[in-house]
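Each of the two complexes below includes chain A, the first together with chain B, the second together with chain C.
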Partner chain A sequence: MHAVQQRENGNRETVVVLRDLTKIYRDFWRRTRIRAVQHLSIEVSRGEVFGLLGPNGSGKTTTLKMLVGLLHPTSGSISILGRSPRSAATRHLLGYLPEESLLYPFLSAREALDFYGQLFDLPAAERRRRVDQLLEMTGLVHVADRPIGQYSRGMVRRVGLAQALINDPDIIVLDEPTAGMDPLASRQVKDILRSLADHGRTVILSSHLLADVEDICDRIAVLYNGRLRAVGTVEELLVHEDRFIVSLPAADTDLLRMITGEIRRRMGSEPEVSHPRRNLEDFFLELIRTAKDTETADFSGASEPGLVAEYLSHGEEDKHTLPRASSRQGNGNDNIADPP
Partner chain B sequence: MSTAIDCIRALCHHDTGTSIPMSISAADRSEVRAESVARATLHVAAVLRVTLLDLLRRPIVPTLMYSVAVLIAVMPFIPFLTLGQENRLVRDANLSLILMFGIALSVYAAGTGLYREIHRGGGELLLSKPISPLAFLAAKYAGVIVLLALFMLAATPAFIVSSRASRGLAQVDWRLEGPLLAGLVAAPLLAALIALCRRRNVSQYAALLLPAVTMAVLAVTTPYGHAHPPSGEFRSGYLLAAAAGVGLVLVNIAAIAMTLSTRLSIPVSASLTVLALVAGLSAGGIEIGGLSFLLNALVPDWMNFWILSSVPPASPHLASLFLWNLIQSFLFSSALFILGCLLFWNAEISKKST
Partner chain C sequence: MLLSIRRSVRSRLLLALLILCAGTITFVPLAIRGDGTPEGYLLVFVRYALGGSMALLSVAAIWLGCLAIDAEFEQGSSELLFSKPASRWSIWMGNLAGAAIVLTAVMLLAAASVYGLVRLRIFSVAAEPEEKSLLRERLFVARRIVCPRQEDYRVRASRLLEKLDRNRWIGAGMARDEALRMLQYALAVRDASLAPGQSRTWIYDLDNGLTGDHAVLLKFRAVGPTHGAAALFLDWTISEGLSGRTLLEKQIRCLPGREETIVIPAAAAGGVRLLSVRCTNPRVNRTPLTFDPARLPWLEIYAGGFEANYLRSVIILCANLVFLCSIGMLSGCIFSLPTAAFTSLWWLLMVNLAPYFHTMAGKRFIFYSHHEVKSAPTFWDNLFRLFFSLLDRLFYPLRITDPLQQVVEAHSIPWSQVFYEVLFKGVAAVLVMSLVAALILSRRQYIRNP
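Showing the complex of A and B:
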């Protein structure tokens, strides 16, 4: 099936379709060991950040591995741009970051990225350019020639993210992308992912960090025990339609007393009055930014969202100039629009 | 057999998305096919290079390679200490050392390069890229074979020089063989110094074995100055054939270990590999006809490879025996590779603990 599945979903093309997906792990004697995923059906549109949320063992990683063709579904089907995930043509369009960054510890970041670039048939000069840009984007330039085995976990995750982007993929599949990162690096990675989605790339990620998912995902699916429990936009799932919050600038007690009295009189219930709170991440990032401004410390990570845009704008040119694999042809890939 | 061929064909074109439409011309078809072969070859080369680098940079690998060269280099002192005629003993001990260390290296490289890679390492990441399973497997086999070739390159000259030197220290041409020993000692020291200055791993001293190996090759190929030239079973060519016999055994052992490692964990595949070695060594000596036949059908008789060092140097059978071993080794390894492809076909790539 070569035709791209064109289903309108908020004026967006559906690029990933999971239909009644089931994965059963069996033991040596073919007896059922674990039902990891059961009858999962999900659709993801182009340019969307889609989050799989769930506790450990809920089937998130298994779903992502089936999505990139590493595991085979027991039943059901997966379609990525109308193709099987196991075809090499599909893999040209995918970027994948596993749960554990399974990189060769004795290679340097530069060597590793160059190696993964070779697997996408990128010419040497193009690989060098992309590797340099990705190293800069992920803030690893100063350690690019050190063996990955000497990196901290957060740095390894950043190399992992860079390798997932080496082919400028249309669909980026990330398993716990911010695991092991400090809040600053985590924020930077989330900014990169958001920026990628804004440039028409589809990001599918799993996490059990609720704040991360809420922060960047357009839509989320909640899995538990291998089954889909809820799916929708963050707004749809989290907003209490029957409640309102009214935020006021500093008000005197008389005014507050009058407002609450009126509410009590009209509705017959006691309104909650409290001071709004920042979340801990915002507070932490503000502290670090202040310290950075005053102490001019080395700043690691993607310092400017512009770097992502620069990398992707080259990528857009490449799609027309590079001898990309035949997979690029006829997959409906050329109609990626830059955001306004 | 047809199932095996179908499987290989499926692996080659395994969902590569490069199936050629029937509507295009024959010339275009062959061009597309050539391009796809070239791309697969580049993939194999890239994975092979990384496999080799990854293995060479693990401290255990150069340590094994270096240890065998050092042990062989000190072997000539055995007859000096025992005042006997243990030249043969030294030569056979050297071959045994090469075999033992080579088996350890093969099993380690197979387990690390394949099983760990698939279930604990970068295989998951690698096979999410557009590379065919066949190219992945071929690169892994080739990487381990190239590693063994490097191992033999380091061990063989040391073996030849050591075996010749065992005839008596007075006959050693220190002008030529001295640098080998000096090089073996100097290599790790130099590597440690470089590591200290550049803050890199000492494990990279494998590359520094190269000067020592070069000097050893020089020592072997240059005529003796004042000592008697070696003759008979101490001629370089004869010793080289004996070492090559052991090298062929190692290639087969590595192929067994690799094939088992496509599915089995490191301890299980290592145990079964050693079992295959023992079975092959003892097959000829088992009196029970049926069992002996069965064992010989499953694994080659390793004694045929080892016997190269026992055939008289002037024997006309030496060359034919070596050729037969070479063919047998190639066929056995190829069969194991096909079996590996069958085992790897449709394998799920994931951590064992899900």
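Showing the complex of A and C:
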């Protein structure tokens, strides 16, 4: 039995603890080349979507690689469910999607997923079941038997995400999960991740796409030059407590002039008046949905994804108690076919 | 394992190997015609065509081995692979097993094709059933070598040395053990030499006796004056036991330096357990001749069929391929692809040179001079002998043998040789390398453009 570090943080246990983590890349003569991560301390709770945000070279990928045991910290410690990330037992609980989906191009998606399933010692029948569900979930059923070398980058990312979930991991580590994806696929992946977190999985992701992080992360850590610059919930970090936005239905010019005049008179400052804007992602998704409803097109790529794989949709409590073939715990988040 | 096989099949590497081997097996016999005899055909097909395929597969094994692990790092797939709970050792062994299966499959196909061609070509030479039967008896067999009883010359040499010492005939600067060694050799040469009119007898122990189903070959290579390539006549008497019935009497015309064969018919040899061979140098030669003391006339007796011998040689070749592939894989774990390939090829060269290192390590004098006779090894002799001894210790157990030569010469490959090659190279050496590779892989970090 592993000793799980428990912490009172909204009644959630802390599953990942980074303590004073430092990673220095050295050259052959042991001279310091790059200080990739410096004195990083973070804690992540179960069921949380935690985002590492930062520009290129800020140490996000290095941190994630140390988290999955691919790199060894120069100093500091990492604990995943109380264990070292380099132990085989920890790796059974981890799902990892690297920055580039470096899959074997000569394998088909089905073979690749089956291969990664074998590395977790999953029985053949269970592997087949999970592979089918993951292919359905990532919308790759129609291209499942084509070699990955013939896939588009977005489709390869979907296979990458599917392989990260083949072992029904407790902790999912994703490096730039939406990189190379079109907005539609990106939205779908974000929904899958959100849904997994709702089912008790912990998601740790890195991105430099601020909108993505803002969309799905419960908490964010901002890194720059290997150092932690800010950490907190999205609300804590982004909300201006000293300002308000008032949204009104369309009003005539006289009424608007009167309201702004009153604000100016009482507060002594000029209020900003503008029309609200949809974000570009929402606009794009709406446009695509309309086009789909009206046209039928030949389609050779990834199709629309299906439900979250049945074996992934068990809650954390029942994950180890329910039989694997038990019925799906349905809730609104399971159906990700229609993006909001 | 399956991944490696799929990689080989889908990257068309398997196809390329098959085409190369098929090309070698087809074109080598066309390019090297041989002497037109069945022995010539066997030499061309087995030694050159299959040997050429083996050389190709050796390079392919090293290349495949280097690629197996190095490509994982170069293409970045190692990042995913090593984030999974499978152990480094099992990943390494899985890769090796896949590559070994591919290489073994190609080797077996090549060997089967060569066997088919050999039978087709050689038996097409013989038209009559009797001729075919003779060919089968002569070529499609495996024979083991029986050497004559050898005297231990140490006692005679020490007695002689004492006598020489008393008479102060040993040079003052010569070490005693050196003098003893020279005397032993001189005695052995004297016993292997025949002055005109002189005879020598050698005794051969045939453990279980001869069955009488197959002929026995007596082979020898005489050493004598070669100027003018004058033929020598030798009288041979082959009898059962020390003073038993005479099985064969024959005068042979031979050329010094050339291997000659006397066939003792199967019917005559049946049931014999002890064979004595007497050789006389008739006065007509008017010249002494000798045999190499390390290679006195030897017997070759039936030890099995060609097919079993051929199969044993193919097993040895496959074990060598697995061994070379694992050398490539270990190098691929440590170095980048070009360095790994270079290192592996260097290993290949070293294990091929191992017999030379063994010979050099056994020599007392490395440097010879035409102007002086050395009484003891110099500092440089000792230094180089130490160097060769180190190389010999390191590489001789891993030496690449040539079982195809044994097949061509119809020399039986003993199972002990097969077990040695398979267990030592194919299993033990591979296991050691896999453990080293697993240790290296577990220490290695996965950095791509940090």
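To be clear about the criterion, the second predicted complex is superposed on the first by the 298 of 340 C-alpha atoms of A that agree within 3 Å, B and C clash if a C-alpha of one lies under 4 Å from a C-alpha of the other, contacts with A are read in each partner's own complex, and residues count from 1 in each chain.
The working rule: a contact is a pair of C-beta atoms (placed from the backbone, for glycine too) under 8 Å apart; a residue touches a chain by one contact, two chains touch by 3 or more.
Treat the numbers as computed from the prediction; the structure is a model and nothing was measured.
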item	value
When chain B and chain C are modelled together on chain A, clash or fit	clash
A:T138 touches, of chain B and chain C: first, second, both or neither?	neither
Partner chain(s) touched by A:A36 [first = chain B, second = chain C, both, neither]	both
Chain B versus chain C as contact partner of A:S84, first or second or both or neither	first
First (chain B), second (chain C), both or neither touched by A:S45	neither
Which superposed partner A:S207 touches (first chain B, second chain C, both, neither)	neither
Contacts of A:T178 with chain B and chain C, given as first, second, both or neither	neither
Partner chain(s) touched by A:S58 [first = chain B, second = chain C, both, neither]	neither
Comparing the two partners chain B and chain C, which touches a greater set of residues in chain A	B
Which of chain B and chain C A:Q188 touches, first, second, both or neither	neither
From 44-52, 152-160, 170-178 or 188-196, the chain C stretch with C-alpha clashes against chain B	44-52
Shared chain A contacts, counted only where both chain B and chain C touch the same residue	25, 34, 36, 62, 65, 68-72, 88-89, 91-92, 94, 96, 98, 100, 102-104, 106-107, 111, 115-116, 119-121, 147, 163
Sites on chain C touched by chain A in the complex	2-3, 6-7, 10-11, 75-77, 79-87, 445-447, 450
Chain C contact footprint on chain A (complex, rising order)	25, 34, 36, 62, 65, 68-72, 88-89, 91-92, 94, 96, 98, 100, 102-104, 106-107, 111, 115-116, 119-121, 147, 163
For the chain B and chain A complex, residues of the former touching the latter	14-18, 39, 42-43, 46-47, 49-50, 53-54, 57-58, 120-132, 200-201, 203, 346, 348-351, 354
For the chain A and chain B complex, residues of the former touching the latter	25, 34, 36, 61-62, 65, 68-72, 83-84, 86-92, 94, 96, 98, 100, 102-104, 106-107, 111, 115-116, 118-121, 147, 160, 163, 325-327
